Amino acid sequence: MKRGIKHDFSLLALLLIPVGVSLNVVGYQLSTILKLPVFIDQIGTIMVSMIAGPWIGLLAGLLGNVVNGMLNPIAIGFSIVSVSVGLVSGYFSKWRFYTNIFGIIIACVLLTIVQAFSAAIVTVFLFGGVTGAGTDLITATFLATGRELWNSVVSTNLISGAVNTIINFGISWLIIRKVPDRFLIKLNYGAPYIKKEVNVNG
Amino acid sequence: MSYLSLKNVSYSYANGYEAVQNMNLDFDLGESAAIIGQNGAGKTTAVKLMNRLLIPTEGEVFVNNLSTKKATTAEISKMIGYVFQNPDDQIFQDTIYKEIAYGLKNQKLESAVMKNKVEAAAEICGLKESLNEHPYNLPYSKRKFITIAAVLATDPNVIILDEPTAGQDRESIERLGKLISHLANQNKTVITITHDMEFVVREFKRVIVLANKQKRRDASPREIFWDKELLKLSDLKQPFICQLADTLGYKGILTIEELLERDKNETYYN
Amino acid sequence: MDSRIGNLYPSSKFTFIILIILLSMFVPGFIFQYMIFLFIFLISLFSGTAIKFLATFMKSIPILIIFIFIFQVFLIVNEDSQQIWAFIHFSQIGLMTSLTMTSKIVAISSSIIWFFQVTRVKDIVYALEQSGVSQKVTFVIASTIQLIPQMLNLSRTIADAQKSRGIETEGNLFVRAKAFIPMIGPLVLSSIQQIEERVLALESRAFSSKAKKTSIYELKKQKFDYIIMIFCILVLIVYIVWRIKL
Amino acid sequence: MSIISLKNINYTYPLEEKQTIHSFSLDLEKGCVYGLTGANESGKTTICNIIRGFIPELYKGELTGEVMIKGKNINDYNIGDLATIIGYSFQNPFTQLSGVKDTVYEEIAYGMENIGVSRDKMIQKVNEILKMFQLEDLIDKNPFELSGGQKQRVAIASVVALDPEIIILDEPTSQLDPKSTEDIFEIIQLLKKQGKTILLVEHKVDLLAAYCDEILLISCGELVMQGPVKEILSDPKVVEYGGQLPQVALYFIKKAEANGSSASQVPLTVQEVYDHLNKDGEA
């Protein structure tokens, strides 16, 4: 079925954007309160992209970073990462990657790569290889072993990105499985996650 | 000492707002009570002090002789179950069965034992037919029973219900009544916050009135609902039958049956 | 925000920081950019947000800058790198790169911090509406800003509710990690439920009416707004002409 | 002519096999207050959503039958414009806020902004509404920071600001304390005086008895009883259908039973008894 982008922006889908952004914020807070070793700050973007598609996912990612940027302008620089994650994850959902284990593995690998390269571009070109976070130590270690900057940053992002993607995606996926069918049916991208077998006439 | 006891407890929130002032309350096992009072009277703060969601800024709360200052909320929750006002704050599973069973998971029970416990809790909450449904397929009022069942399944000695009657139809309110007497028969204590005065009259022998951060009175429904001074001060109203009795000129009446009995031979109203 | 600057029209302040960002990017060297930081600090003083400005700035920027210097000067191997000890080198080129890069970061981030501290989101939304941006866009921005604190509150309530049914939030990593889903799950499910209801609430307020929208909130451009705008544009033109002539 | 008319409505939610509403017909007259009651899950909210056009527009599913609003088929209305004809408010005070306004003042104006009312008229109307709902002290507060009862009043005020002729209130007091509940009922009375047609879903029959003209009782998706308050809320059949009777009525019915007399036309409220006694006193 061919549909324009406009079709993605129902009122229901629009209302998911603020929820997605807030979930990123809450996820981040919770991971700090529970003293978890990774920041679970992408669940909102991933969840929203899963059930409302690439464009809504993209916007949730973008807005999230702009909101963070009000307090920490560096986050604005990294918008491109969230935007890519939201967009790509939304397309995987559209292509029904998330309904079987192979699709999920492929999606996670590709998401990791997308995240790593987009993050590396920002890190290297805007911030000279630095993010101001703990992962800089990994990059520093790579540099110390004589690797080039670009190579080091990409490697760091592939490692930390893989962990982040798997955890953020895993939690999002687990929770989306728990969303009632009644709600999924109202969303353009909800169909793959509906558990009940019914023919949907709309 | 009583099983649950608040000793000279005061509580102020971090922003300085004092919500509970010098409160003393005691509950023995098997002794249920209703807590009534206007919004802002301190009802929810008082019960949150009981299961250590809040720690008193002054005074102490004891559960089974253990001060809540020396325990974690998770430990206290084994003795005191607290059903929040809004069920949506607790529900996160995709079937009612899993939701009720969640609290039991840590107890390392055999699956048959677990199943029995879940089903027993579901039965008394009227959920037995819908155990495989998604919690959100039930309306808000019924979702409340899911969280009640989840707490019942863990078998605490004290159960706190925060406004269980809100938005319930007649059948559900009757079910709540049965549930409370069932628990009392098992020597459990049920503490219920409610705005439904008819419910209080029917189901409780002890009523605690809170107003303006303080305990105003702790007595039987009859004493409370005919203490007009107290009701006025606490911004509460008599149940409808008390109002009717009052209009007809009878004092101290609490139920329709009593009223019928009293005016058997009178013909005040034609 | 109730200062003279706080009450300016958002697009005047926006034009101003765009000018600063453009200049920071194109003026060679680093002295000008570091001066911008001082300049923004002075304006913050004038806007009554100096303390807030410094606090926000210090929280994120200095650590980044220090790391950049360490990376560029001591770790990355450049043509002129001289070994100091093991993998630590010193590079003059790295030092220059650090100075230009960090000066731009400092200038641009300080102007962004200042902008958001002296501009109400409400005013930004209003200005966007007035400039013809789709109602859907402004709606999403406004609702995000309102929702985040509500969701944080709700997540605290949920944490309490789950703790009182026995979920441990302290202990080893496994215990703490296990608490994550029960804490975030109810938030997702209840916000989805709330979205459904909010759609009804919004439709009941004629959200999808085709009429041209009006606004009860009003923000008028003052004379000073026009002066700032014209000034910024003039500065930019002068700079461009000057660069071309060089 | 009826202001709202439902003819032979049948409805099934998507993903469900069971029909929620069956052969439901109803006519509501202008200016009356209707109390819609019945057990939970009997279809009360569904009926409200059908009248407002949210079903099938937002909920999808299969709807047959005819909904007429002011003599015109509901399909001929735009869902956005219906807001100016039918006001709709429901039980959860939190989700009823627009979520985009940070003062009560602007929150109330939001609906008018959407239909393009001029700023001057808007200010005038908002002030009028603030006074009517006694919200003047709260104008600068963030709606999210209000108490449940205050939020609910703001929500209803925001809907009434659009001046709809019909107002649907779906359990507006179920999450509120007695004082706030009373406030809402006072407002219902005010709205009635202004000639609004009101459909009120409510379990608190003792209050319905005091404020409504007619009662509609739903059971399992069917309209089982309908008529003047006096007639319906003194009929023990209400209980059989999952509804309840006012305490005062229950007493008088039992009393009549004991005396072996007829239970029709018993008083339903304390006020009624009081008035009756005082009238007798004068006579």
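So that you can tell them apart, the chains are marked A, B, C and D in the order they are listed, and the count of residues begins at 1 in each.
Everything that follows uses one rule, which is that a contact is a pair of C-beta atoms (placed from the backbone, for glycine too) under 8 Å apart; a residue touches a chain by one contact, two chains touch by 3 or more.
Since the model is a prediction, treat every value here as computed from it, not as a measurement.
Under the touch definition stated at the top, chain C and chain D share these contacting partners: A, B.
If you average the CA atoms of chain A and of chain B, the two centres end up 43 Å from each other. With each centre defined as the average position of its C-alpha atoms, the distance from chain B to chain C rounds to 47 Å. Distance between chain centres (mean CA atoms), chain B to chain D: 29 Å.
Each chain gets a centre from the mean of its Cα atoms; for chain A and chain C, those two points are 20 Å apart. Multi-chain contact residues of chain D (touching two or more other chains) are listed as 58, 92, 99. The set of chain A residues touching two or more other chains comprises 18, 178, 180-183, 186. Multi-chain contact residues of chain C (touching two or more other chains) are listed as 139, 143, 146-147, 150, 169, 181, 185, 188-189, 193, 198-199, 202-203, 207-208. Viewed as a network of touching protein chains, the structure reduces to a complete graph with every chain in contact with every other. Residue ranges of chain C in contact with chain D, taken from their complex: 122, 139, 142-143, 146-147, 149-150, 194, 197-218.
By the touch criterion given at the top, residues 9, 11-12, 14-19, 21-23, 25-27, 29-31, 33-37, 40, 43, 47, 59, 63, 67, 69-74, 76, 126-132, 136, 139-140, 143-146, 149, 171, 174-175, 178-180, 183, 186 of chain A touch chain C in their complex. Here chain A touches chain B in the complex through residues 177-178, 180-183, 195, going by the rule given at the top.
Of all residues in chain B, only 38-40, 139-142, 166-172, 195, 198, 235-237, 239-241, 243-244, 247-248, 256, 259-260, 263-264, 268-269 touch chain D in the complex they form. Interface residues of chain D facing chain B in the complex, by the touch rule stated above, are 38-41, 45, 91-92, 147-149, 171, 174-175, 177-180, 203, 206, 239, 242-244, 246-248, 250-252, 254-255, 258, 267, 270, 273-274, 276-277.
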